[in-house]
Every structure is written in structure tokens, then in C-alpha cells.
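These are the structures, in C-alpha cells.
Paired with chain B in one complex and with chain C in the other, chain A is shared by the two complexes that follow.
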Partner chain A sequence: MRRAAPFLLLAVLPLAGCQGWQSALDAQGPAARTLADMFWIFLAVLGAVWGLTMIALLLSLRRRRPADADPLATNPETERRMIVTTSIAVGLTLVTVIALTGLSYAAQKVLFARKDGALTLLVTGEQWWWKITYEDSQPNRVFTTANEIHIPVGEPVLIKLEASDVIHAFWVPSLTGKMDLIPGRQNQIQIQADRPGLYRGQCAEFCGLQHAHMGLFVIAETKEEFERWRDRQVSSATPPSDSHRQRGMEIFLSKPCVMCHQVRGTDAGGKVAPDLTHVGSRRTIAAGTLETTRGNLAAWILDPHGIKPGVNMPAVKLEPDEVQPLADYLEGLK
Partner chain B sequence: MTRAITPDDLDAVPEISRLATGERGGLPGVRSEADAPVSPDELRDDQVDGPELTARLAKTWGTDKGIIGALSTVDHKVIGRRFIATAILFLFLGGLSAVLMRLQLALPENRLMGPDFYNQLFTMHGITMMFLFGVPIGEAFAVYLVPLMVGTRNIAFPRLNAYAYYVYLFGGLMVWLAFILNIGPDVGWFAYVPLSGPEFSPGKRADFWAQMITFTEVSGIAVAISVIVTVFKFRAPGMTLDRIPLFVWAELVNSFVIIFALPAVVTASATLMMDRLVGTHFYNAAEGGDALLYQHLFWFFGHPEVYIIFLPATGWVSAIVVTFSRRQAFGYIALVLSLIATGFLSFGLWVHHMFTTGLPQLGASFFTASSMLIAIPNGIQIFCWIATLWDGRPVFRAPLLFVMGFFFIFVAGGLSGIMLASVPLDTQVHDTFFVVAHFHYVLIGGNVFPLIGAVYYWFPKFTGRMMSERLGKWHFWLAFIGFNATFFPMHILGLMGMPRRVYTYLPEMGWGHLNLFASLGASLFFASFVLFLYNIVSSARRGPVAGPNPWDAGTLEWAAASPPRPQNFDRIPVVTNREPLWANRDSLPVVAGLSVENREQLVTTVTDGRADLRETTPEPSIWPFLAAIATAILFVGSMFTPWALVWGSVPLALALMGWFWPKPNTEDEK
Partner chain C sequence: MCSSSLKAVAASILLTALALAACQREEREFRSKSMADETEEKVSLVPLSPGPSGPAEQRSGTAKTYEENAYQIAQGQRLYAWFNCNGCHGNGGGGSGPPLMDDMWTYGGQIEHIVQSIREGRPNGMPSFRGKVPDEQIWEIAAYVRSMGRNVPKAAAPGRRDDMSPGPAEQRRPPGQVIDGGQIPPSAQMPQ
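Entry: the complex of A and B
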């Protein structure tokens, strides 16, 4: 963290706690670092302006006029001095504003400069989850996943942003600023992570009932780990080997789940909800809301509206003995 | 009676003597209506004097007793009082919804309420504060104070003004009734499409939002027109442009901003209604519509809206700073030009609300420059106020305390606004709690603190009694600490990644402590408003009697009785100075010659404020109230069927016919 002027200490102290997995000041990529640096510069300059104004205000409260003075009377000498002082203050404001505009413009050029990268993703905002498609020149290596983006460390990744229903905003603060996903338009954003890690993001544009639960993760890993992950994601789901999970698969395929969800390698081909081919390998379900465990999967299937009220997934009617096999099957889709 | 008057004569002869001797001159050598011989058998205010004059004028200008009389009144003070009370009522309702939101956010994964109710709450909070409090409160003060401050007897177009109040009231009641019935709007105060469109907001919730806009916009524009005409044509003789009080200048500029900004949002909400009601595709991307068009239209209004809320507050601040520093304003011309510059510049900033929509970079950076530029006129105003205090003898009464709070908070909010003006920085803080913190610093600092100061300041004028100073000081410190405790942590929450408009958050996000702190601060802030309400109610009953000018202020409203009589002034004052009561401490020069038996007002010229015409202004009438009801029926009906525009126009047309039915006034008969 940068040094800040002493009078800003009070304001800055709480900010020292801004280390977090979704903090704009905990920069983990070049873009976020530029932005965090800029924030501290702006804060120092503007904090100084605020401090000076308050000092002037405090000093102005001294009673300089005699008690019985005519309020209409002015002293030409005082008047002249005040005109000069306020003019200087306005001039300094103008200089500050121009300097900050220049700084902003320079940072904007850096931030929006597009570097060539090997990886391009298409992220589609849905109410209330993220559909993520890894593009590839070979059609059979294109695959779709949800709510979890893996990227190789140190490489710029281009993300195309679209929306299928309402406006959302893609925001992973520790990597870069946000960008809207707007129906009928395509925006682009570039992310890059300096070191391996888990970076959380969240929809930033109000998008309806479950705007609060529309999280996503960016997982930065080494090139080798990333390629391994990608190869696994490209492949279809492995059919379960034990009978318990096989029963789970049969339940899955016989229920309305298949109307919306896809599990590649089975007959489930729905495209309106998250692709579940490798759902067990993802850290969370329900867009960053619950950790992927058997218990959470079962809870989610039984009562999605208790967890995310208003969510588009209907509660599926299951027999009591169907819940565990189904959850086990899904959890096993690594 | 006329003779050619040379410009020299006009400067040499005070208008008072010319009017008193029957020589009413407008432009030199031009015959005007004011030169027409006065009817000999009509009683004029130079023929009676003292208590008799006061009583006769009060009868002529008074409001009838009874419910019909109350609903027919065209007295700007009665309408203004209702306007102010209604707007402050909505401030309390908006505050209550905010307190409920803070209760929900105090703890992570709080189950106090679900997203459906929470989304209604923040929408109601936003629209109540922006449309039912923020815009009307500035206009409400204008309705009450501008005619008094420019020295006339009523606002221009008083029936239109009464109509505007009822339309506003009905719009506010409609949307709050919808909320109570659990069908309140839940799409946020800017109701972005497609979320607010027919596909994603079935039902009538978004329609209540859109139609509430229509109500408040009709009302807002009507009042703005009344204020502009009052300032241009009804100023007391001698009140040249450079003698207009700063508050009146602020309200004048504000009214122009309203007139130019509001049509954009009416366009946005009307096209949204058409998409929802008759299946047009303005905003349906699948059919060639454009979601961003809506955002442009909305923010072309939405940014000036911020200044519509702020500009009247600069008027309150100017008035309070001048009175309590016991010195005339330093840099009057600079202050006026800053107001006008702010008004113009406010229309060139709207895209900074859309920096993350992927607009072309060059265009976006233009709006960075223009957004930062508005710091200049605002800086000039701040510096001029500080200079006025510097060379003055500040008197620390409650109004000035709240203005001090305004400086502390508003300057901080303005400076965090500089961060938002920068495209790159905005991509991090846009749509987060940082922005929530920023605009509450700007709007509460820039409007609510000055407003409370203004209530303490003008309360003696409104009611004739002083507010409790001791409670006022408690109130200030409670509000000041409560406000900062509530909103300062939100800056940090936003930087820590908390988006706005979330009904809850996960415990592992680490936002719990600051949110709890903010919620506790909100309870303090709310308590300060309870104290405010108590102070208002108890002081209105038992406060010390104020007299006409308890603060020894300089502007004309303090020349009227407290509370002012229906006619405001027994004789129209003549203005020789920017602060007439300071310049004429013994007795205020007045003009005479207006009718005592008719509602006659003195019309003056726009720039020089020379007496020009005697104009009768409308009598009380029930028709504006009936027209407002007919308007409400049309607006509410058209949420359900487009045919309401057809059948709904019939009662409205009838009401307007009643309103405008030619009725020869007594003067014409004579």
C-alpha cells in the first residue's frame, strides 16, 4: 500500500483491511494495479483539497467584524485581498482538475489497450448465473461451463461479454474494473492475473431478484494445470462406475432436469441452465452461493427457492430415496 | 397622464413618487396599460392606510373557510406550506424504507426479508427521495418564498401552481399505495430496460414507476413555469437583475434546468410504457430496439436531476451564510454566474453514468473532462461562501451549524465525484457501495443538511414561532455523526467489492462488520430526524413568538409579517439594494396605487424591474383540484389500457373548460 499524507490516516486506516478476495485495492493483475495506484493518487490529491478547504472554512469562522458593523459595509482592501485569494483558489482547482483529467486519460489508454492473447472466452450473463464458453479454432475443443473461469497465470485473456436476458456487469475487482453485458450488444474486457489464486467476482448491475447471488470465480493457475483442466472440460462426462451413482444418473435423466441442463455424453441436452458435465469439479454451485458438496447439491435440488428465492430453477419432486443417488451422481461429475 | 420620460428622469425620480402621483411609466415614451386612468370608484391602497388597509387586503387575498375553500386556494403560501409538508413527509417515508434496508443488511445472509421486498424497498427509497422529495422540496420552497422574496402578492399562474401540487400529491400517493399493496415498483429508481420491460417485469410494478414519473414531471414543469414567470415579471420595482436575492437566482436557474431536463425522462418513461402496454419495441434488442437508448434518455435527465436537487440548496446556503455572517454576499456576480454555469454544464455530463456500457473511449473521455469541469463553478461557490464568512461575524445558530455540516459533507462528496468522473477509476467503483456513499454525501450533504438549516431559518416566517435552539444543536450533532457513521464505511465497502442493490451478502465476503457499523449509524441518523420532527411539532405550538425579522436578515420576505398575511405586503416595497432591509433600516420605501378590492399585482420589466402593468391574478377556484383528479384518473387508467387516454381525456377536458371559462372580472365590468 502506498503512503498517504498524515491527515488522511484516519481515512486510510480502515482501508488497510481491504485485503480480500473481491477487493479493488487488493490488486492481483496489471489492470487492477494501475487502477489501485490511480485510486491512491486521486485520494491523496483530493484529500489534500478537502483538508485545505476545511482549514480555510475553520479559519473563516473567526469573528473579524466588530459587533455593530453595518452588514452592507465592505472594506476595499479586504475585498481586493479576498478577490485575489479566491481567484488563486479557483486557478488551483482548475490546475488540479486538468492534471487529474490528464492522469485519468493516460490510465484509460493503458487500461483499454488490447494485448494479444491466446485465449478468448465468451461470457453470457443469465438471470442469475454466468455461462462461460471457451472459444477455440478447433470446434471440438469449444466447451461451455458456468460460474467458474480458469485462466493461465501471466497471460492476457480476452473476454467477450453478452447478455441473454437483462443487463449484467462482469466484475472481478482484484483483476480489473467492470464492464456491462447488454442484450443485443457485445462488449469486451481483458483480464490477466499475476499469480495463481482464486479471485471472486460478482454481477454489479442490478438484474432482478437474485442479483445478490450472482457470483463467479476466476481461478488462475499455471499453464500446465490450466491445460490439464481444459482437456478435462473438453471431454464428455465419464459414465459412473458404481451402481449407486448409475441410479443417480438414471434419476437425473428421467426427471425434468434434462429440459434445462446438459451433461455431455448423456441424453441430457438442455441449454438454458448451467452445463453440468463437470459440475463436480467446480468449487461452487448456484453461482458462487454454495460450496459444491453432496449435501449442498441435495439441498439445492430440493429447495432452490429457499436458497435463492425467485431463481428460475424449479424444485423437482423427488422420492426420499432418490435424493442421495442424484446428489452423488452430480458430485461425481468431476 | 403620460409624458415622455427621459432615462435621466427615471433614474432621478424614485418610482415610488411617480406611482404615487399617478405617473406609472414603463418604457420611456411608451404607453402601457399601467398608464391607463384608474377607475375612480375603485378603492386603491393609497386611499386607505394602517389596520384598515391590512384587513381589507387580507379579505381580498384570503382563502375561504371550509373544505371547498381549502381545496380552491390559490395562495402561494398555503400551497407552498402543503408542498413543503408533503415533501418532508415523503422524506420521512423514504428514510423509513432506508432504515428497513439497513436492518436487512446489518448481518450477512439476513433472513429478515426476501429479495422481492428488498427490491421494492430500495426502489421506493430511490424514487421517493429523488422524485417525491428531492425535486419537489426545492420547488416547494420556491412556491412559498420566491413571491415573498421578490416582493409580490402571489405566484404567477397560481391555479396552475395549485394543480401542480395536487398532481404531485396524487402521484406520490399512487406509488405508495401500490407499495402498501405489495405491488410497488422493484426495478430501481432508474428502471433500466430490459429488466423493466414487458418480458422481465410482468405485472404492473414497473408501470407504477413509469406513471409516478409522469405525475411528478407534469407537476415539476408546471411549478417551474410559475417560478420563472414570477421572477421575470413580478419582482418589486427597483429589483434589477443584480438585486435579485441569490436564493431566487438559484430557483430561477433550477426552474430552467427542470424545464429542459424533465422532457427527456418523460420520453424514456412514456416509451417504456408503450413497450409494456401496446407492444412497441423501442427497447427490445431482439426487434432492433436499443437498451442503451433508454440509458441515454434517462441520464440526460438524471444528471441534471442531481443539480435540480442541489441548486435550490445553494440558495438556502447563500441566504443562511449571508444572514449569519452578518455581511452581504462576497462575489454576488460570481455566485450568480456559477449557478448559471452549473445549470448549463449539468447537461453535458450524463455519460459518466454509462462509463461501463462499452461506449467509444474517446467519447467517454470527453465526459471525464466535462464532469471534472463542473468542479469549477461549484468551487467558486464554495470559495465565495467561505470568503463571506471570513469577512463576516459568524453567528452560530442552528441554521449556520447545518450549513457547516453541508460544507464538510458536500465537499467530500464532490471530491469523490471527481473519482467517479474518471473513466478508469469508475470501472472499479461504479455500481458499488462506493457510489452509494458518494451520492449520499452529495445529496444529503448538498440538499438535506441545507434543507434542515433552511427549515430552522424560515420556520419563524412559516409559523411565527422560533424553533428550539437547544434541540437544534442536539439535532445537528446527532445528524452529523449519524450521517458520517452510516455512509463513510460504505466507501470502503464498495472498494472491498460490495455491489449496490444486493439484498444480502455471504458471510465469507468480510463485509459484515462495516455493514453493522453503518446500520448502527443509520439508527442514529434516523433518531436525529425524530428529534427534528419533535422540534417542529413542539416549537410550532410553544416556541417563542418570532416577529417579522428574528434573524435581522436583509431580504424582503422578512419585511412581511410572520406568518405572512394573505396579501404578503400591504404595499409593494421598492428595492434599492440587494439586501433591502439592511439598506432601509427605518422604513422600507413602497409604491402605492394597486387595487384593494381586486387581486391586482404589479408587473415589472424583466431586466430593470420597472413598474409596467397592473395585472389581476386569478381568484381561488376548485377547478385545478378537479382537473388534477381527472389527470390522475387518466394517468392511472392508462397503466391498464391505452383507451384510458381516449375516455380519460373527456373529464380532463371538462375540468379544463371549467378552469378556463371566461369570467369577466369586476375591474373589467367597471
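Entry: the complex of A and C
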């Protein structure tokens, strides 16, 4: 028993990782709950089957045949018992498999059901970040952001999934199962959060060097908070008022930044890298890799390949006194 | 019997060693070098120069690391679309800008020339990208431009694209030649 203790401990340890902001077992929406329920049902039923099988195996190992028994001798009574036992086992197996298949089918019905929701998003997978476009019937209410999805609590949100380069997969374990993003076609998935909170997601299909650093956040908030957030995101960036940040903006606009990035309300109109109009309001930069702070922004600009080797963001040549205003300007884009 | 099994063992070891010889991968630099100043190439646009020898030139040798590297060329292909080179040059067939997949190079067809053309701009419409595109990316785009007329090794040229393409992939095009400006390339000659 003492020798088994470390092994038991090791077996239980992984379970400690099963809660928190990115766990399929910490279900916070209808789809994730269906999946978690399925997991527990399968675990219980199949665990019981495995346990019974092991007990039967141990019992049969303990029962020795007498040393002088004739191996070819048959006993009609034993034969009959064996046939009955085997038939019952086969029957039970069939019932279990059919029941689990039925459950699985019912779960699929829930997972792929489409409820009518007011909100539709287009999520495009890029190497290695998420482009997020909030669709709206009014064209001037459509806006693009990156790596952070805000949703109102309790409402189904339809997410259209596309990819621009290679296959990625959208996975927010606490809210829903995985869905692939495939270049040239559109997949759809619906998410719904029952409780306000911060849920982490992750690319779940190997997509290149920085696949592990392709995270995203889903932030579920009340309807009023969400509407306030959306109104702010729709608006263009407000020009900085102090001269320090104004200098930062001038640096931003005169450097290679504008070739790829967009800041609505300025001449920077690149569409191939994350929209920076409200970058200061997002929790993280570089797809969930770093927190949005002045220092991290400066570090990212000066040495993106030290943080995410192979990333498409180039190290831009800046003068030493240009870094500070630029980081301040970006951080101020709330 | 023994010698034949020895031979079999020797042959299999040899085969394994041969297979291992193919394990060398293309070198790939993950940390970009664009923090450095731009490379200083001294290349002339014409092959003419007074005196017995040709023009005095100075090359950094950077060219090889770009135009023989599949990754750099593929990055160039991506940047070519991102920075809207298509807007004037089409997919290399030309539009309001000259075609890039043929053998005629008004301002020189070596990679250093193309880098200069992108960096400095050229009269009649080609903008200067100095300070807007980091030097490393300029080299990558130039390497991709060279691959359009298959002036790069076959193994390094881009393969088939995911989207519809009007012609064969760069890799499948016949090897091209470069006729620098001021001379009449075969593609421009009247049929005799």
C-alpha cells in the first residue's frame, strides 16, 4: 500500500488541473455542459465495466483447476452455466453500446442545434492570431478586433469560422467543443455563456511554430456592459491630447507599422495584422502571450522574435527615444 | 551463409547511412535581422564601363541566403500580396506596372537590382518603400519576384497555391533567364 501511494497521488494530480478558465470539465455554457455530462457518464459506465472485468479476471485467476483433472473432460452443468453467463455478458455489452450511442446522438443534437441569436461574429484564423469581426446589419456598426471576444451573458452567439493561411481550430473548453477553421470554407459554431466571466481559448489544430501561443479570450458580461464595450469599439481612435503621445502617433504613422496594422481614424489602414484601434483596451497582446502593458508593448515592438520566434511581425528599426512615446501611444488607444 | 548475412547487414547499414544523409534541412533564421541597417550593395545597372574590365561592384553575399531559401521566398510571396504588389504588377503578369515573370528587366533582374527598385522606387510609378518595409522583407519580396520567372532553384521556388491560379506554380515553370535593361530580350524580338 505504501508503495502504491505515490502512484495514486500521481493519478489524482492531473485532476487538480481540471478547473479554472480553460477546462472542459469546468463547463459554463450549454454546449460545454453537454460535453462534460457525456464525459462523466462515459467515465462512470466504462469505469464500472472495466472494474467488473478486472474483478472477474482476478476471481478466475484465484480458482485453480485440480492438478489431476482431465483437461478434455466436460461437465454438462458447467457448460450450461458458461453459455448463460456469456449470453448475459454479450447482451449487457450490446445494451451498453446502444445506450451510449443513443446518448452520444442526443448530445450531438444539442451541440449542433442553432438557436436564434442577435449576435454574429466572423473569426478568421491567422498565423498566429485571431481576427474577430462583429457583424451588423448596419455597415457602420461592423468592426474588427483581435484575440478577444466579448459576448453578452445568456445569449447564443453564432461564430463563423474561416482561415486565411492554414487550418486552425477554435476551442474555448469552458464554453464549447472544438471546431476547425479551414481555408476556403466556412464552419459555424454557437457559443453561450451562462455566467459572466473570463474564459480562455486556444488554437487546437497544429498550425505552425507559434501554435501554442495562439490563445484568445472570451469575456462574458452583462448586456449593458457589452453594449457599452461595443459602442466604444465601433468608434474610431481618439487622437491623443498630450504632445508625448502625439509624437508616438507620428512615429507609428511614419514607420512600417502602417503597412500591416490599422488604427481607425488615422491613415494607418493595413488589414493583414491585428487592428490596433483599441489595442489598449484589450487584456493581452500577441494572441494571449503578453499582458497589455507599456513595457510589454515596447518589448514586443523591439523584439517580437525573441517572444514568438517565427512570427510575421518584423523587428522594426526605432531610435532609442522613439520607443517610449510609441508604447505610450499604443497603450493609450483604449 | 555467414558471409551472405554479413553482406545483408552491411548493405542495410549502408542504406540507413544513405537515408540519414538526406536528413539535412534547410537552414532557417528565426530571429529577423532587420534591426540592422540596410545592406549596402553596390551594383551597376549596365554591364558597360570604361576600360578593359566591367563595372566595379560590391555585393554583401546576402542574395544567396534569400533566393535559395524556400522559407524566405514563401514569406516574400505572402508579403507580395499583403503589401499589394498585385495592385500594379498583377500576379507577375503586369498591369499598370511591368510584368515580373518575363525575361525583360528595365532596371536589372538580379536580386540586388530588384531590392534597389523596391527600396528606392523607379520613375513612372514605382514607389519607394524605404522605411516602410523592413530591409529583410524587401529581400524576401525580391527573392519571390525572382521566383516568378524561375530565376531561383527549383527546390526553393513556391509550390502550388491553395487558391485558383492562372498558371502553373513557380516551381513548375521552366527555368528563366534575365536580360537586363537596354538590351532586347528574346520575348520582345519580332519573329524572323
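Note that in this section the second predicted complex is superposed on the first by the 297 of 334 C-alpha atoms of A that agree within 3 Å, B and C clash if a C-alpha of one lies under 4 Å from a C-alpha of the other, contacts with A are read in each partner's own complex, and residues count from 1 in each chain.
Here is the rule we use: a residue touches a chain if its C-beta (ideal position, glycine included) is under 8 Å from a C-beta of that chain, and two chains touch if they have at least 3 such contacts.
Predicted, not measured: the structure shown is a model, and the values here were computed from it.
Upon superposition of the two complexes on chain A, a steric clash is found between chain B and chain C.
Of the two partner chains placed by superposition, only chain C is touched by A:Cys260; chain B is not.
Once chain A of one complex is fitted onto chain A of the other, the partner contacts of A:Ala315 are limited to chain C, with no touch recorded for chain B. In the superposed model, A:Thr34 makes contact with chain B only, not with chain C.
Applying the stated contact rule after C-alpha superposition, one finds that A:Gly306 touches chain C and leaves chain B untouched. By the touch criterion defined above, A:Tyr105 reaches chain B but does not reach chain C.
By the touch criterion stated above, A:Pro183 is placed in contact with chain B and with chain C alike. Of the two partner chains placed by superposition, only chain B is touched by A:Ala56; chain C is not. Once chain A of one complex is fitted onto chain A of the other, the partner contacts of A:Leu25 are limited to chain B, with no touch recorded for chain C.
When the two complexes are overlaid, the chain among chain B and chain C that reaches more residues of chain A is B.
Touch criterion met: A:Leu72 reaches chain B, while chain C stays clear of it.
Overlay on chain A, chain C versus chain B, candidates 21-29, 57-65, 111-119 or 183-191: the clashing stretch is 21-29.
Shared interface residues of chain A, touching chain B in one complex and chain C in the other, are 165, 183-184, 209, 309-310. Residues of chain B touching chain A in their complex: 114-116, 119, 188, 192, 194-195, 199-200, 285-286, 289-292, 326-328, 330-331, 334, 356-358, 361, 364-365, 368-369, 372-373, 375-376, 379-380, 382-384, 386-387, 389-394, 404, 407-408, 411-412, 415-416, 418-419, 421-432, 489, 492, 495-497, 499-506, 509-510, 514, 554, 577, 579, 582-583. Interface residues of chain C facing chain A in the complex, by the touch rule stated above, are 30-32, 34-35, 37, 75, 78, 82-83, 131-134, 136-137, 162-163. Every residue of chain A that touches chain B in the complex is listed here, in rising order: 14-15, 17-18, 20, 22-25, 32, 34-35, 38-39, 42-43, 46-47, 49-50, 53-54, 56-57, 59-61, 63-67, 69-72, 74-75, 78-79, 82-83, 85-86, 89-90, 93-94, 97, 100-101, 103-105, 107-108, 111-112, 127, 161, 165-167, 169, 171, 173, 176-180, 182-185, 187-188, 200, 202-212, 215, 288-289, 309-310. By the touch criterion stated above, chain A contacts chain C in their complex at residues 165, 183-184, 209, 254-256, 258-260, 270, 272, 305-306, 309-310, 312, 314-317.
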